[in-house]
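What follows is a set of structures to go through.
Each of the next two complexes has chain A plus one other chain: chain B in the first, chain C in the second.
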Partner chain A sequence: MISNYLKLAWRMLGRNKFFTFISLFGISFTLGILMVILSFLQSELGTNRPLTHKNDFVVVNMLTLKTEFFDTIVGVDTSFIDSKMVLDSTLEIKSSGSMQWNSEMNNGIAEEYLSDLPSAEKMTVFIEHSEYDVYINGVKLKLHSLHGDVNYWDLIDHQILDGRVFDKAEFDQAAKVVVISDKTALNYFGKTTGVVGNEMLLDGLNYKVIGMYKHFGKIVPYVSPDVVLPYTCAQLDNQDSFYHGFFCTLFKKKSGVSSEKLKEEIKYAASTIPMDHPSKPEGYEQLEFNPATYDEVFAQAIYYEREASKSLWIAKWILISLMSFFIVLPTLNLINLNVSRILDRSSEIGVRKAFGAHKGNIVAQFVFENVLQTLLGGLIGLGLAVFLIKLINKSGFIRNAILELSPNFFLYSFLVTLLFGILSGLLPAIKMSKLQIVNALKENKL
Partner chain B sequence: MIKHVFKLLWNKKGSNALMALEIFLSFIVLFFVLSYLFFNLDRVNQTLGFETENVWMIEMDAIDKLDSLEAVTTLQNLKRNLINLKEIESVSFTESIAPFKGNQWRTGTDDNGFNMNTLMCPVDTDLLATVGLNVVQGRWYTEEDLNETIKPIVVNQAFIDRYYPDKSMIDSIFILNGDRRLIGVIDEYRYIGEFADSEPTVMELTDYFQNMGNVLLKMKGDIPTSFEEELYNLTNTTIKSTSNTITTLEYERAKDSNESWVLIVALLFICGFLCINVALGLFGVLWYNINKRRSEIGLRQALGAHSIDITKQFILEILLLTLLAVGLGIFFAIQIPLLKVTEYPDSLFYRSILFSTLIIFLLVITCALFPSVQAARISPADSLHED
Partner chain C sequence: MIKLNKISKVYRTKTIETTALNEIDLHIPKGEFLSIMGPSGCGKSTLLNIMGLLDEPSDGSILVSGQSIKNYASRETSKFRNQKLGFIFQSFHLIPDLSVLDNVELPLLYRNVSSKDRKQMASAALESVGLANRKSHFPSQLSGGQKQRVAIARAIVGNPEIILADEPTGNLDSVMGNEVMDILTKLNTQNGTTIVMVTHDESMAKKTHRLVRLYDGSQVA
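After this line comes the complex of A and B, so read on.
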């Protein structure tokens, strides 16, 4: 039976070439663009390297010093009790605004008060956004650096191609060592082999290259630096402040506990930090952390809400509604086309029904045909997507982002294609299956 | 005629409803995309108020590590050294608030009897020449202004338009972190970026002090980037620190607006594709449906209808359907400016509605024309013979 369906579907494709073209154009383009978007989300937010532990991450990238102001509002009501006037006053205390100072934190505060939370397996502190200008034969190379500690390498799962990462001893001694990405190696040394052991001149100081990791172009933070150095060799000014500094803190939660629990612990830890240090800026009374999971950090870039989970919720809905808008139109288009096309085959349906085919058989046949057509379109779409992805990667159209083609990507693309085929085929098929035999056969064209 | 067309539409309400839904959704998508596009283009088309061509920028991290006296002498040394270079025309120092850096400083006061909120921008006297500001009223700062008891102040046109639209404010005094005397108005200084809104901005003259960590340089003509290394070394030796970076405003501008452009191009690309897709779909459906009605056409022709009448009828049918769908779309879209859902200007949404409507009708008419003309060519002998 399947082979019959296949044969029929194939014949139908060839029967009206213009319609087949319109359908395939719509299908392949829609699916192609969906696949590019999928690939983008997958390579940015999937749990592929170096973000293998992404789902266990909780980030604290901000320390907030704040003071809330309150207004006391006195309301007076008059009422008559026993024909005597009685005043009834109510007090309401309302927040009338707040003063906030958000900045990254001092590493000392993180290491002292956040380092052994019960739900956290590991913690790393690092400075993310400094830059080095280096000159090679008069050409400038901008290097984005990350100054981290030893735990950084455990949390961010970089693929080490050559050499090794810095260890505890080197970190403590502030050894002048650097781990670089293969992209940096190519830009700086002109080669990716045998760079380990060479010297690199950063800000007038010689650093020894001890390792090389693979560069994954990603927009998401913390994972695509050009060079990684121990933060003990960073020239830090402003270290006299106990509270604010340059550091971001990243936690990996223990398996089995929820990230909400870890977030609660971090929020609680904030309240244990003393507020009487002499470096505290005047007028601030409270200290707050605003922990977020890794996805929530990404969502905050799309739509910022101070409550990170709310950000994620809103960003999710923005994405879902945009995507569904984008899918609904081509689906409707295909349904419209199919509804008119299928009319052509009323006599065929009539004959099949007259010979005892059930409604279900007919629906199955048409949906099958449509799915087959969609899969064909999906295949063309895949080609288009691969082409577009190559083009985007090559042109650097999206700054610093490299889209990947992973096995998961193909799986998701296939599922999306299938869904699209079933959705757009079902309505016309059901409509046709309801056709009365008499009416169907009356148009005696076969 | 219209009544007749309505009846024809109603007879096939099922498939017509689907088609109307598709047109309606296309309208909504177009409306949002165009609103977004117009919104951003309006901003890009406004003047930045300054030039980015041949302007370089040095960012120095280490300045705030020095004590204030040392910082001032170091900065003055640096300025002297830079201005002596034959490639450099003009040098201006700013704080961390520099073009495209993403830093902002806002302040507000109600001391003047109304709420005044502005962007603040610390500047020196050389900024005018370095980035080419445009003074539209009054004058720019001179060195003497630093010694005035009532501090002079220069604002942008947006500030005047919002807070003092009626009269010339030159030499008037108002309160903004103390008494300030307005001496000049520049047209604009949108340092946040090309996609930033035009906001009231106050340029405040500042003396050399510790935090002046950004240097803007106007170069003499198009200096090759190889000069950067020389500049880098000179800066390093003068301020005795190596953590400096050099960049050009052109580069920073491109970097800053890249994200917005990526989104705009991607949206336009997707929207364009949706339009083509819908157009092709409509064309297919119309062509098909009209072919299904050959006998009706034949009959009308046999009864004396001209071919132009046939075409007219089909076009009218599809136009009516579109009108219904777009009317529904306009009903929803117009709620946004009417109910003041957003703070953006109403004209933006009216423009988008107008253009979306035009595009949809253009698309539909183009798609309907060919099948309708084709239909009119059907000869009654052929079409009636079939039935």
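After this line comes the complex of A and C, so read on.
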């Protein structure tokens, strides 16, 4: 039966070439764009290198000093007791607002109060938002740096192409060493081989290049710096206070432990930090961490809610709505085209039903044909997507993002194409399967 | 084989009610070759469609092969049509995008018949109508007579007990019409297939066992 459907589907494509062209153009364009979006999401949010452990991450990128203001509200009630008026007053204390100071934390806080949480397998602290301006042959090159500790290399799964990463001794001694990306090697040295052992001038200081990692090009945080140095090399003496500083903290939770448990432990740790340090800014009485999973941090960039899980929920629905909207409109269009195409074949439906086809057979046949057409469109769309992805990667159109063509990308693209094919074929097929045989045969378009 | 009891068919719109068939009683025994005649619009095709379970009567009951048919849209009815009935239409109704062999295979697609057996059975059916050498042709490459012979092959490929033919010679010249009629007669005499044929042609009707005449939806002879 499948071979019969296949033959017919193939010949139907050739029957009305203009219709086929219009359909395939719409399908391939829609699917091509969807595939580019999928590739972006997969590249940025998949558990591919260097975010292999992404699903185990909990991030604390902010320390909040807070104080709440309270007002006393006095209420006076009158009541009658033994026919005498009695006055009764009530006092109510209500929060009338709060004052917050959010900033990255001091590394001392992280190391003393967050480094030994029961649910955390490992923790890394690092400074992310610093840049070096370097000049190559008079041309300014902006290098995005990350100052980290040795654990950074265990948590962020960089692919080391040459050399090595810095070790604990180098970290402790604040050795002037740097690990650079292959992109930086190319921009700075003009080559990607033989750069290990060379010196690099950053902020007037010479750093020895000891390793080179692959630049994966992601816009998500912490994973695509141009250079990574030990944070002990950074100027730390001008951090704001005992509390606030320059650092983010990234945890990898132990396997079998939930992210929520680790979050709870982090929140509890906040309550153990003394609030009587002389450097504490005036007027703040409470200290809070707002830990979030890696996906929640990304979601907060799309739609910020202080409660990170709410951000993720909203961001997910924004993405799902956009994707659905992008699928639904062309699907409706394709349904419309399909109805007119299938109407042309009502006599065939009549004949098939007369010779024993039931509704299910008719639906299966037309959905099969539509899926085949959509897969063909998907194949063209894939070509378009690959072209667009290469163009985006080459042009640097989305900041430094490099969109990937991973096996998952092809799997998801296939699934989206299949879904598109089934959705756009099912409705017309069901509608046509309900045709009365006599009426269908009267169409006599065979 | 086919028993119609007081079959009526009424088409209703908001303003008009048209009676296509009016209390038709008809019994067609197994192995009979019956023809139905009457002027255009008298209800011949409607009656044939009701016998073939392609249309529902407004009133009355129908027994085919001893089975009472009630729900026309059901899967069982589709199966019944597939196994017991074969159809031949005036305008052939071949699927233009399928080869002759694939067209003939069509009824077998809806049975559990392997691809190899389907091809064998379709080839045999085509051979019996003299078109073994046209298997890979497409309907557009055939003459009217050849198309109708393909349609007959399609109708008989599943060995149905009953063949319902709606003006099978209506679109053919007399030579081709006679060829088609000869095939139908042979099917009836050699295989014992029950055939009900709607026709306008008196000479074709005379070749059948019995003639039923309709006029304005009623049986007049």
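The definition used in the following text is that the second predicted complex is superposed on the first by the 424 of 446 C-alpha atoms of A that agree within 3 Å, B and C clash if a C-alpha of one lies under 4 Å from a C-alpha of the other, contacts with A are read in each partner's own complex, and residues count from 1 in each chain.
The working rule: contacts are C-beta pairs under 8 Å (C-beta built on N, C-alpha and C of every residue); 3 or more make two chains touch, one makes a residue touch a chain.
In this text the structure is predicted, and so the values were computed from the model without any measurement.
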item	value
Chain B versus chain C as contact partner of A:208, first or second or both or neither	neither
First (chain B), second (chain C), both or neither touched by A:310	neither
First (chain B), second (chain C), both or neither touched by A:280	neither
Touch count on chain A, higher of chain B and chain C	B
First (chain B), second (chain C), both or neither touched by A:437	second
Partner chain(s) touched by A:357 [first = chain B, second = chain C, both, neither]	second
Chain B versus chain C as contact partner of A:8, first or second or both or neither	second
Which superposed partner A:348 touches (first chain B, second chain C, both, neither)	second
Chain C-contacting residues of chain A that also contact chain B	none
Of all residues in chain A, those that touch chain B in their complex	18-19, 22, 25-26, 29-30, 33, 131-133, 135, 138-140, 142, 203-205, 235, 237-238, 325-326, 328-330, 332-337, 339-341, 343, 397-399, 431
Footprint of chain A on chain C - complex, ascending	49, 52, 54-55, 73, 75, 78-79, 81-83, 87, 89, 91-98, 102, 105-107, 109-111, 115, 154
Contacting residues of chain B [partner chain A, same complex]	14-15, 18-19, 21-22, 25-26, 28-29, 61-62, 64-65, 225-226, 228-229, 232, 236, 242-246, 255, 258-259, 262, 265, 270, 273-274, 276-278, 280-285, 288-289, 292
Touch list for chain A against partner chain C, complex	1, 3-4, 7-8, 11-12, 15, 347-348, 350-361, 436-438, 441, 444, 446
